[in-house]
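This is the structure, below, for whatever I ask next.
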Amino acid sequence: MSVMSQDVKVVAPAATTREALRLFAERRRSFWVVLSLAVLFTTWEIAGRIPISFAFPTFLDTLAAFFEMVGDGTMIRAFFLTLQPLVLGVAVSALLGITLGIVMGLSDRVEWLLAPVFIVLQAAPMAALVPLVTFVYGIGLVAKTLAVIMLALPVIVLNSYKAVRHVNPSLVDMCRSFQGTRRQQIFKIIIPDASPVLFAGLRLGVAAGFIGVMLAELLITPTGIGDLITYHRSVANYAHMYAAVAAIIAASTVTLALLQWFETNVMRPEKRRS
Amino acid sequence: PMRVAFGDIATVETLGLLIAMERAKEQGVEIETTFLKSEDIAAQAVVSGQADIGIGGPYALLQKVKAPIRIFLQLSELQMYPVVNTEFYDEWADLDGQEIAVHSRGSGTEAIMQMMADKHGIKYSSVAYVPGAEVRTGALLQGNVKATIVDSSGKRVLEAEAPDKFAFLPLDGVEATDEAMFANTDYLAQNPEDVAKLVEAVVTTWREIAADPTVVAKLREQYNLLPDATPEMLAEIEPYYSGMKDALPMNGGGEEAARSDFAFYTASGALEGNPEELKVEDFWDLTALNGVLGKIGTQ
Amino acid sequence: MTLFGYRIPMMASLIVWALIWEIVGQLDVIFLIPPMSAIIAAGFDLVQTNSWQNATLVTIRSFVIGMALAIGIGVPLGVMMGRVKIIDNIFGLWVNIFVSAPLSALVPVLMILFGMGEATIVVTVFLFAVWIIVLDARAGVMQVPASLVDMARSYGASQATIMRKIILVSALPEILAGIRIGVIRGVKGVVIGQILVAVIGYGELFELYSRSFDMERFWALTMVLFAAAMVLSAIVENAEKRIEYYAGAR
Amino acid sequence: MTVNALAKEDFDPASVVTHDPVVRVEAISKHYGSVEALRSIDLQFERGKLTTLLGPSGCGKTTLLKIIAGLVPATSGQIVVNGRAVTGPGPERAFVFQDFALMPWATVLRNVGFGLELKGMAAAERNRIARRYIEEVGLQGFEDKYPHELSGGMRQRVGIARAFAVNADVLLLDEPFSAVDEQNRRKFQEDLLRLVEMERKTFIFVTHSIEEAVYVSDRIVLLSPRPGRVSNIIDPRIDRTANPDDIRRDPGYLDVVEEIWQGLRHYAE
Amino acid sequence: MTVNALAKEDFDPASVVTHDPVVRVEAISKHYGSVEALRSIDLQFERGKLTTLLGPSGCGKTTLLKIIAGLVPATSGQIVVNGRAVTGPGPERAFVFQDFALMPWATVLRNVGFGLELKGMAAAERNRIARRYIEEVGLQGFEDKYPHELSGGMRQRVGIARAFAVNADVLLLDEPFSAVDEQNRRKFQEDLLRLVEMERKTFIFVTHSIEEAVYVSDRIVLLSPRPGRVSNIIDPRIDRTANPDDIRRDPGYLDVVEEIWQGLRHYAE
C-alpha cells in the first residue's frame, strides 16, 4: 500500500484570516446585535437631523426625552398604570385560560362547544371590538383589563388545549396500567407533562396582553404609556412620544425574553423527550 | 390640491364644513379630505407636511412645535355642558374629591372643568380622558361615568333618553375656540387665493346656517354628502344645527377670538405665559380672514 | 363530538352559539347584543351601501399590497437566514423582537414616517405579517434534512439547483404555514391600522357605527371581517394540506 | 432440546396443554373501526414462564398485549387472569412500555415508586421498595438522576424496576429492547433471563427479533399478518444452564431460529 | 474459510495486499473543531468487493464515508478514486443514506431518476433508465407512489435504485438497513449479495450489526472509538455458493462473529 500523501494541506495566510473572520462572524452573535443597534441608531439620528419631518425627532433627542421622563417620574408612573390592567388581565387569562384549555383537552364535549369559539376569536381582529368594551365596562381599569383578556385569553386557551391533547399517550397508559384514578391521571401526569407547553402558551398570552393593553390605552382612554404617546403627540413633543413608544416595546421585549429564558432554562422542554 | 385633515370621522357634525368645502370647490379650489382618528393626528399631519390644512384646537401645539403653524379661521366656539348623574351629585361642590371625565389632556373640555373647579374651590380626585362627546354621553347613560362634560347633541340625547337622571351644571362666561382651521405658514403664503375662497365659503355658509338651520339637510341632499347616513342620523341634523347656532362664529373668530382664547387656555394650563403678553401673530394668520371680511363685511 | 352515533363536526357548535346569541338579543338584555337575525339583515343592507363597498376596496387593496410585500420580503429573508449563519446573526434579534412586540404602539410612529393614508396601513399590514413569515421560512429551511442536501450534492447539484429543487420545495409546508399565520396577522394589522391611524376603510365604518350605537351594522361588519380572516386562513390551510399530502410523513 | 412445532393447518390451540394458566386469552377479537386487528385469539400463559409474541409488523402484538393489560377493550372474547375476567387494568398485571413511559420531570426513584405512589403508599415505604428494585436492575447510585440523564438501556431498566415494584404476577413487555443498541441488547437479554429465573412471575414479551425470541423464550407464539391470528406455537426448550455464547451457536437454537425464519419469510415484503 | 484477523498491536495497514484498488484512502484525518473524529486512516477498496466499516457508535464511520463521497472535506490526507484525487462529489461515486434521503414530494420514478435529472438528462431517457432500476430492486408497479406510501424497506430500495441509476463505480452505503425491520433486513442482505455479484462495483458499507457485517462482507474494517483509527481488518472469506441458511449456522461464520463480538464488547457500556 502506497502511503503517498502525508502532506498536510498548506493553507495560505490570507485564507486563514478570512476563515478567522468568517468564524468570528458566525460565532459572535453579540457582535452583530451591537452592530445592528449601532446602525439603526445612527440612521435614526441622521434621519432626524435632516429632518425627514418636523414630527421626526433625532435619536439623541428621544434618548434625552426618555431620561427626562424617567428622571421626573412620569415614565415610572406611566408604567405603573399600564402594568395594572396588563398584569391583572394576564393573570385572569392565565387562570381562566389554562383551566378552560385543560377542560377542553380532557372533554370532547367541552372541546366541541368551546374550541371553535376560541379558534375564531384567535384568528379574528379583536381590535375592532375593543371600543365596544367601553359601552359596558366604562373607561376604567375593568375595561382595560377586559381588553387585555380579549386578546390574551384565546391564545392561552388554545395553547393549553393543545398542550393537553399532546400529552404523551404512553404516559397516560402507564398511569392507567397502575390503576391511577382519573384525578391522579390529571394531576400527576397530564398537567406536569403539559406544563412546558402551558407555559409557552402563557408567554404568548403575555405578548398578546401587551398588544391588548396598548390598544386599550390608545382606543379606550389614554392612560399610562398610551397617555404619554397621545399627550405628547397632541402637544408636539414628538421626542417624548417616540421615547414612550420605544419604552413599551423594549419593556415587552425584555419581559418576553425573560419568560423565554425561564422556559428554556427551568421548564427545559428539550429534556422532556425521554 | 388643498389637503385637508379632519380630526374626526365624517358625521352630522361635520356636515356644515363639508357643505362649505363643496362650495369652495365650486369656486375652483381642489380639495382632498382625509378623516383622521383624532385632532392630534390631524395636527401631526399638518406639522409633518402630509396635510395642508388641519382642523382642531391646537393652541398647545402651536406654542411648542418647531414648524410654523398658524390658525386662520375659527370654526366653532366651545359649547359644552358639564353634566352629572343626579343619583350621585347635584352641584359643583359635590364634585370635590370625585372623578370626572373629559375629552383629552390639554383639551378645551379639561380647561372648562378645571376653571370651574378653581372657581368653586374644589379639587377632582382624578381626571379620566374619554375622547368623543358621544362616547362620554353613552358612558353617562350606561352609568359608567358619573360626571363629565358633553356637547350640544350629547345634551339633547341625555334630555331625550333620561330626562330626570342628569343635571347640567351652570357654566358662565366661558368663551373659547372649540375648532379652528390651521395651516403651515408656507402654505398660507403660497396659496392665498385658495385659502381665501375656503374662508369665504365657510363664513358665508355659517351665516346661512345660523339664519336657517334647516338648510343643512337640504344642502346635504344637493351635494349628496353622507350618502349612507341612516334615518336616525338624518333626524339629528336639524336639532344639532339649531343648537349650534350660537356657537358658530359669524366673523371667523380673528383677533377677538384669539384674545379670549389666550385668557381661557392660559387659565386651563394648555398655554404657558401671561395672556396679555401672548402675541396674536404667533398663533394666528389673519391675512385671509381680514381679506374676506373686507369683501363680504362683518355681521 | 358524537351524538346518537353521528359525528357532529366541531364548527357546528358555532350554530349553537349563534342561537344563544339570537335568544339573548331577542330578550333585549343589552343594546350591545342585537338579535343575530337583525345583524344578518343589517349585513345584507350593509354590503349594498357605497361606503361599505368603497371601504372594502380600500381595505383589500392595503391588505393585498401589505401581504405581497410581507411574502415577497419575508420568504427570501427567512430562507437566507436559514441558510447563511451571518445573515441569521444580523437579523435574528430583530425578527424575534418584532414577532411578538406590541406593534400597535408603533402605529403612531408609522404615521409620522409613512403619512396618514394607505401607506401607513400597508406598512402596518406588512409589519404585522412579515416576522412570522420570516421565522417560519427560516424554520422550514433549517429543518430540511441534511441528508437531502447531501444527496443532491452527491449527485453533483449546484447551489442554485439545491436551493430550487430541494430546499424551497422541502420548506414549502412551513413557508405556507407561516403565510397562513401571516395572513391572519395581516387582517389584524389592517384593522388596527385603520382604527388607530387614519380613519379610512373599515376603521371609519367601525368608528361611525359604534358612535351612532348602530350595533347591528357594527356586528355585521365585525362578522364580515371575522369571516374574511377565517376564509383566508382556510384557503392557505387547504393549500398546506395538499402540500403535506405530498410531503407525507416527513 | 425438542422443538414442538405444529404445522399450521392442523394446529389446534385447545390441544396445547398448560399446567398453571395464570392468564387465559379466550376468543379475543379486536376491530379498530373497520380495521380488523385480531381475530379470535385463544392462548394460555403459565406462571414462571416467558412467552413471546412474534409476528410481522402490524399483526396486532401490541394490541393483544394492551388488551391483556386492560388498557384497550376487546371487541369480543375475554381475558381471565388468576381466574377472574379482566375489565380494566389491575394490580396483578404490570406493563413495560416500548418507549419506556418515564415521567421526565421525576427522578429515577420517584419513577420507580410511581405505581406505589398511585396506590397511596406512604413515601418512606415506597422509597424503600423502589430502592430495592433499583438495585435489582443494577441502577444503584442513579436514584436522584432524571430520565434524560440516562442512556436508553438504563431508562428501560427504570421501566422494568417500576413494573417489578408493584409486585404484579404478570409482566407485559412490549418490545422493551427495541430502542437499545445491538451491543447492549445482548446484555439485557441475559438480565431478563436472570429475572425470569429469580422471580416466579408470568412474562409476556413482544419482540421483532427472531434470535431474541428464541434466546429468551419458554414459548413463542407466532401471529399471522392482519387480522392477527395464532399461526403457530413453538417451545424452544433451550438449556439455560449453558454459556450464552454456546447457546447462540447451538444447532438446536439455530434450528428453531431457522424454522421461524422460514415461517415468517413469506410475510416479509 | 480462513479468517485473516491480525492482533491489534502488530497490525500494519500497508501489509494488506489488494489487487485492484478503486478507492484509496490515504492518511485521512478529520477534526470537527476541537473534536478529533478520525486519525490517519489508510485503506484501499477493491472492485467487485464489499467492504464493511464496523465500530462503536461515534467512531467516525459516517464521517469516513462522507469524506470518500466528497461531501465532507478531510482535515488532512486525500482520497484517490480511479487514480484521481477527490475534491468533491463525483459521478463515479454514489451514496445510499441511512434515512433514505428520498424527496417526499416526488414519486418513486422521479426519486430514482433524480441523479440523472441533475445531470440534465431528458425526461424520456431518464425515466427509461429509472424504470429499469426500479424493476431491478423489485418495485415495479410502485413508480407513481410517493415515499410515504411505502414501507421502510421499500423506501431504502428506492434509495439503492437511485444510486444504481447513475451507474457509479463506487457505492457508499451508510447503515442502509438500520431503519428496516429485522425480518425484511435478512432479505435485503441477500438482495445486496446478489447485487454485489451481478454488478462489478465497489461497495463500501457501514453497519452496526456484527452478523450483518460478517454475512455480507468480503472484508471488514474494524474502527476503534474516537478518534477513529483502523484497529483490525478481517476477511471473513465466506463461501457464498452455500445456502444462506447454512452460512448462518456455519461454525466459521459463527467464529468470526464471536471474534468481532469479543473485540467490540469492551466498548459497550
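Which chain is which? They are A, B, C, D and E, in the order written, and residues in each are numbered from 1.
Assume contacts are C-beta pairs under 8 Å (C-beta built on N, C-alpha and C of every residue); 3 or more make two chains touch, one makes a residue touch a chain.
Everything numeric in this text was worked out from a predicted model, so none of it was measured.
Participant: Enumerate, in label order, the chains that touch chain A and chain B alike.
Facilitator: Of all the chains present, those in contact with both chain A and chain B are C.
Participant: How big is the rotation, 0 to 180°, that puts the C-alpha atoms of chain D on those of chain E, in steps of 5?
Facilitator: 175
Participant: Where is the C-beta contact count highest, in terms of which two chains?
Facilitator: A-C
Participant: Can you give the whole-Å distance between the Cα centres of chain C and chain E?
Facilitator: From the centre of chain C to the centre of chain E is 49 Å.
Participant: Find the geometric centre of each of chain B and chain C from their Cα atoms only, then give the gap between the two centres in Å, rounded to an integer.
Facilitator: Inter-chain centre distance comes to 39 Å.
Participant: If you average the CA atoms of chain A and of chain C, how far apart do the two points sit, in angstrom?
Facilitator: One centre to the other, that is 18 Å.
Participant: If you average the CA atoms of chain B and of chain D, how many Å lie between those two points?
Facilitator: 85
Participant: For chain E, give me the residues that contact two or more of the other chains.
Facilitator: none
Participant: At least two other chains touched by the same residue of chain C: list those residues.
Facilitator: 112, 195-196, 207
Participant: Could you list which residues of chain B touch at least two other chains?
Facilitator: 41, 44, 48, 135, 138 - these are the residues of chain B that touch more than one other chain.
Participant: Can you list the residues on chain E that touch chain C in the complex?
Facilitator: Chain E residues touching chain C: 66, 69-71, 88-91, 93-95, 97-101, 103-105, 114-115, 118-119, 146-149, 166.
Participant: Can you name the residues of chain C that touch chain A in the complex?
Facilitator: Interface residues on chain C, with respect to chain A: 1, 8, 10-14, 16-17, 30-32, 85-86, 89-94, 97, 100-109, 112-113, 184, 187-188, 190-192, 195-196, 202, 206-207, 210, 218, 221-222, 225-226, 229-230, 233.
Participant: Can you check the complex and tell me which residues of chain A touch chain C?
Facilitator: Within the complex, chain A touches chain C at residues 22, 25-26, 28-29, 31-33, 35-36, 52-53, 55-56, 108-109, 111-117, 120, 123-129, 131-132, 135-136, 204, 207, 210-211, 213-215, 218-219, 225, 229, 233, 238, 241-242, 245, 248-249, 252-253, 256.
Participant: For chain C, which residues are in contact with chain B within the complex?
Facilitator: 49-52, 111-112, 115-117, 195-200, 203-204, 207-208, 211-214
Participant: In their shared complex, at which residues does chain A touch chain B?
Facilitator: Counting only chain A, the residues touching chain B are 53-56, 134-140, 221-223, 227, 230-231, 233-237.
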